[in-house]
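You will see two complexes here that share chain A, one where it goes with chain B and one where it goes with chain C.
Moving on to the complex of A and B:
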C-alpha cells in the first residue's frame, strides 16, 4: 500500500473570473512518478502551483498528511524564479542556508561547468533551469514538482538530469510530479498519468494500464460506432482511431488490428480529443 | 533571509543618503544655490527626501521580488506568509526608524530652524506614508503606478482625516468655523490638536495595515488583481470599524480642544471653543450660537464684558454682542480697515463700552466709546499723548463730572520711572493729572497715587484732583490687587484695598509681603505673608487663590475669602490634572476649575457648585 503524500481535497482556483482548477480531488502516493498532461490552458501549471503552495486555492485544500513541510517540497516552475540580483554562488548559499542543507549537490550543474560568480539575470534559460534543478536535487525533496522545463536543457544534460531524478526517487522515495509537453524524453519516468482538461482530471491511470486501455486502429473507413474512441486523425489514405477504453474482447468482436501506442501518442490522443471536443461541443 | 533583507535596506539607505548629501553639494558647487551653508541646503532636501524614503521602505516589500521574478521562489521558501511578512517588514521598519531618528537628531542640532514642515506634521506624514505604502505594497507590480497610488492615497487620507476632525467637532455640537491645515504644517497647532489628528490618522491607518496583513496571509503568485480584491474586500468593513472607533474614541476627545468660559451674573455659563463656536449653558439646556469668532476664546474671561443682559467680547475685527435673552449674536463694532481693537482693553462705564484701538502698525491710538443703547461711537484720538508703547497703558477708572464722563488711563514709557495718569474726557479733552511711582488705583471715587514713599489719596475738586490724605508708605506697597483686569471702571464702593510690597522702579514685584489699606481710616495693616495670588474682586468681596503653578496648572488649589485682612478657606482642590485650556478661570460671578476633562463651576460668594448637565 502506497502511503499518501499529497491529499488534494476539492481544490478550486480562479484567476480573474475564469475557473482554472475546478473542484479537483486526488491523492498522490509516496515515491510515485506522475505525469500531468493536457491541452494548453487546461490548468496543469496552476494545479502544480497549488501543490507547491505558491497559489492558495480559493476553495478546498492541499494537505501533506505525513507532515511534509515546505522544506521537503521543491517546485521548479517554468518561470525559473530566483533572486536575479544574486550570483549563482549567492543563490546556492542562500538556498543552502534557508533549507538547512549540509551540502549542495552540484551534479548536473557541475556537468555544465558554469561560472558560479555569474549573476542569475545573466544566465540563459537552460542554465537557469539547471541551477533550479541542482537546487532542487540538493534539497532531496519528498515532493518534486517540475513544470515544463526539461525541454530547454540540451539532450546531454537532459539525460543526466533525468537520471538524477530517477536516482533521487530510488534513494529518497521522492514523489515526482511532472508537467511536460514532450513525452518521449520523460517516458522512462511516469508510473501514473493524469490528463487534465478544463480544470479537471479526465484521466487518472497507471501508465502501464493506460497503455493497455488505449489502442490505435488504422482504417480506410469509419470504424464501427460501437468502438469508443477519443480521437481520430487522417494518416495518408487512412484514418487513425485512438480507441479508449479498450477491452480485450474488442479484438474478438471487431475485425480491426488494435495496435499498442507509446505514451507520447496516448497523451497526444487525449489532448487532440479535447481540442476536437472544444471545436464541436 | 533576514540578512538579505537588511542588506537590501542598507544599500537603499546608502543610496538615499548619498543622493541627499551629493545633491546639495552639486547645487552649491555649480552655484545654482548660493548664500547658504551646506547644512541649510541639505536639511530641507533631506527632510523632503525622507518622504520618498518612507514610501520606498513601505513599497519595497514585495515589489522588488515581483520585478526580479523572485516572488514564486520566495513563496516556496519554508516560511509561513506571516513569517515572511515579518522578515521583510522588520528591516524596512527599522530602516524607516533609523532615518527618522537621524532626522530627529539633525532637527535637534539646529535643523529645527530649517524645517520644510513642522516636526510634528513631518512625523505624522512620514509614518502614515510608510504604513500606507506598506499596506499598498502588493497592490501593483509597477513601481511608478505604486508611487502614484501611494501619493494619491496619502492626499486622500489627509483630506479624510481633516474632514473627520471637522465632523468630530460638528458631532460634538460645535459650529466649526474652518479646518485650517496650515498651522498643522507650520507647527503653530496646539499639542492637543496634533494629538487629535494623530489619533484620527492612526485609527484610519490601522484598517489599512490590518487588511494588508490579513491579505498577505493569502498572498500568492496570481495577478495582483486577485490580491487587490481580497485586500479591498477586507479594507471596506475594517475601514468602517476604524470610523466607528473614531466615533467612539476620538469624537469624545473633540471637546479637549481649547475651551474658554464666562460665567454670567445670573449664573449662565458661556463656553467658547477654540476652533468651534459658542454654547450657552443654562441648567439642563444649552443654546448654540453660530459664530466664526474665535479670537477671544483664549481668555474669554479677560476679554468679555457683561452689560445690560448682554455679553460683549472682542473679535479679531471688532466687538460682538450676544444677547442673553434671545441668544442672538451681532457685531456691534467693526474696526475700520487697517485698525484693530487693542486686546483686552474692553471695559465699560455708565452704559458705554470703552476700548482702545490702534492701527495695524501700532500707531495712532484712540480711545473709543460705544454707547450700548444707541450704538453711537465716540472716537477720542490719543495721538497727542505720545503713547510710546501701547502695551504700556491701562484704563483703570472712570467717573462723571459736570455731566461729562471721563476715563482714567495709566501710561508708562519704557525706561521711565514714573507712570503718567491721564484723564480722557468723552468730549476729547485729555489731561495729564498726575504722575505715580506705582500703578495708580481708583476706588470709590478716590485716586491713589504713589510718590516718595507716600500714598497720595486724591479726590476730584473744582475740575481737578486734590490730595485729601497722605499716607506714609515706607515699604512701597502698591494697592489695588484684583482691580487690574476688572472691566467695570466704576469700581463699586469698597472698604478696603490690598497691596503687595514693591521695589523702587516699575518692575513687577515678586514680594510675598502683603498689606491691607483701610479706606475709612487710611491705615495700612501688614498681613501674614501667605496671600500668594490675591487678585480677584467680586462685588465688594475679595477672593484669594493659592496654589502651586506647574505646567500651566494649579496643584492643590485653595480658594479663600479675604475680609478684614483675614483669610477664610472656602474650598480646596487637590490633584488637578493639566487640561487643554486654562485650569482655573475666575469671573465676577464665580470660578471654574478644569481638571482633565472634568469641569466644575462654583459661584461667589458661598462657592455653591453649579451644575450644567450638557457640559461635558
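Moving on to the complex of A and C:
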C-alpha cells in the first residue's frame, strides 16, 4: 500500500455564490503521478490551490499526514509569484536562501542558457514559466502541483523539463499532480486520472484501467441501447460513440469494433459529455 | 537499443508493451544473457514513462525468470538459459492471433490466408 501524502476531507470552496469545489474527499499517495482534467470552470485550479494551501476551504480540510511542510509543496500556475524587479540571478539567490538550498540545481534552466542579469519583468511568459519550474524542481519537493503551464514552454525545453520531472519522481518519490488540457507528451506519465465536473470528481481511475474501460465505436446508425456511452458526436457520415464502462463481453455480444483510444480522446469524451449534459439537463 | 514506440492507445497496458519490447530485444539477440538492462530512471526518461511503469515491467520480467536484479546495481538478462525457443514460439503465436483477428475481420477466408501464405513465403525463399 502506498503511503498517503495528502488527505482531502470533505473540502468545499465557494467563490461568490457559486460552489466551486463541492465536498471533495480523496487521498493522494506518495510518488503517485496524477492527472486532473475537466471542462473550463470545473474547479480544477481552485482544488489545486486548496492542496497547495494557497486558499483555505470553506469546509473540510486538507491534511498532510506525514508532516510535509509548506517548503516541500510546490504550486506552479500562470500567476507567477516572482519578484518583478529582481534579476534572474537575484531570484535564484533569494530562492536558495529561503529554501535553504546549498546548491541550486539549474537543470532545465541551464539548458536554456538564459542571461541571468535580465530582470524578471522583462522575461517572456515561457521564460518565466521555465524559471519558475526550475526553481520548483531545485527544491526537490515532495508534492509538485502544476497548473496548466507546461504548454507555454517550447517543445525542446518541454522535453527536458519532463525528463527532469521523471528524474525527480524516481529519485525523491515526488507526488506530481498535473492539471492539463494537452496530453500528448505527458500521457504516459500519470498512473491515475481524475476528471472534474462542477466541483466534483466524476472519474477517479488508474490510467491503465481507464484505457481498458473506455472504447470508441464508429457506427453508421445508433448503437444498441444496451451499450453505455458517455459521449457521441457525428464524424462525417458516421457517429462516434465513446463507450464507458466497456466490458470485454461486449466484443462478443455486439458486432461493433471497440477501438482503444488515447488519453486525449478519453478526456475529450468525458468533457464533451459534460457539455452535452449542461445543454440538455 | 530501445528505439521503439510505446503507445497509450493500445489495447495492451504500457508496462505490458514494455515487457513485450524487452523480450523482442532478447529474442533478436540485441540483449544477451548477462547484459544489463538500462537503469529504470534512464529508460523512463528516454520513453517518457512513469518510473513505476518501468519498475513494474522489470519486476514482471524478473518473476517470469527472464531477468535478475541485484540489489542496488540494476537488472540483468538472466544468466540461466532463457528458453529462447519457447519464448519465440509463444510470441509468434501471440502475433499470429492478432494478425488472424485482423484479416478475419476483413472477411478473409481460410483459403485466402493459405493462398497468401503460400505465395509470400515461397517468394521469400526464392529471394534468399
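Observations, loosely collected:
Here is the rule we go by: the second predicted complex is superposed on the first by the 281 of 281 C-alpha atoms of A that agree within 3 Å, B and C clash if a C-alpha of one lies under 4 Å from a C-alpha of the other, contacts with A are read in each partner's own complex, and residues count from 1 in each chain.
Convention: a residue touches a chain if its C-beta (ideal position, glycine included) is under 8 Å from a C-beta of that chain, and two chains touch if they have at least 3 such contacts.
Computed from a predicted structure; not experimentally measured.
By the touch criterion defined above, A:70 lies against chain B but remains apart from chain C after alignment on the C-alpha atoms of chain A. Shared-chain residue A:236: touches no atom of chain B or chain C. When the two complexes are overlaid on their common chain A, residue A:113 makes contact with neither chain B nor chain C. By the touch criterion stated above, A:163 is placed in contact with chain C alone, chain B being left untouched. In the superposed pair of complexes, A:257 makes contact with chain C only, with no contact to chain B.
Once chain A of one complex is fitted onto chain A of the other, the partner contacts of A:211 are limited to chain C, with no touch recorded for chain B. Contacts of A:31 after superposition: chain C is touched, whereas chain B is not reached. With both structures placed on the common chain, the touch criterion links A:225 to neither chain B nor chain C.
Across the complex, chain C is touched by residues 31, 33, 159, 162-163, 166-167, 169-171, 185-191, 207-208, 211-212, 257, 260-263, 265 of chain A.
For chain B in complex with chain A, the residues that touch the partner chain are 1, 4, 65, 68-79, 218, 220-223, 225-226. Those residues of chain A that touch chain B in the shared complex are 15-16, 49, 52-56, 69-71, 73-75, 77, 79-85, 94, 98-99, 121.
Against chain A, in their complex, chain C makes its touches with residues 6-11, 13-15, 40-41, 44-45, 47-53, 105.
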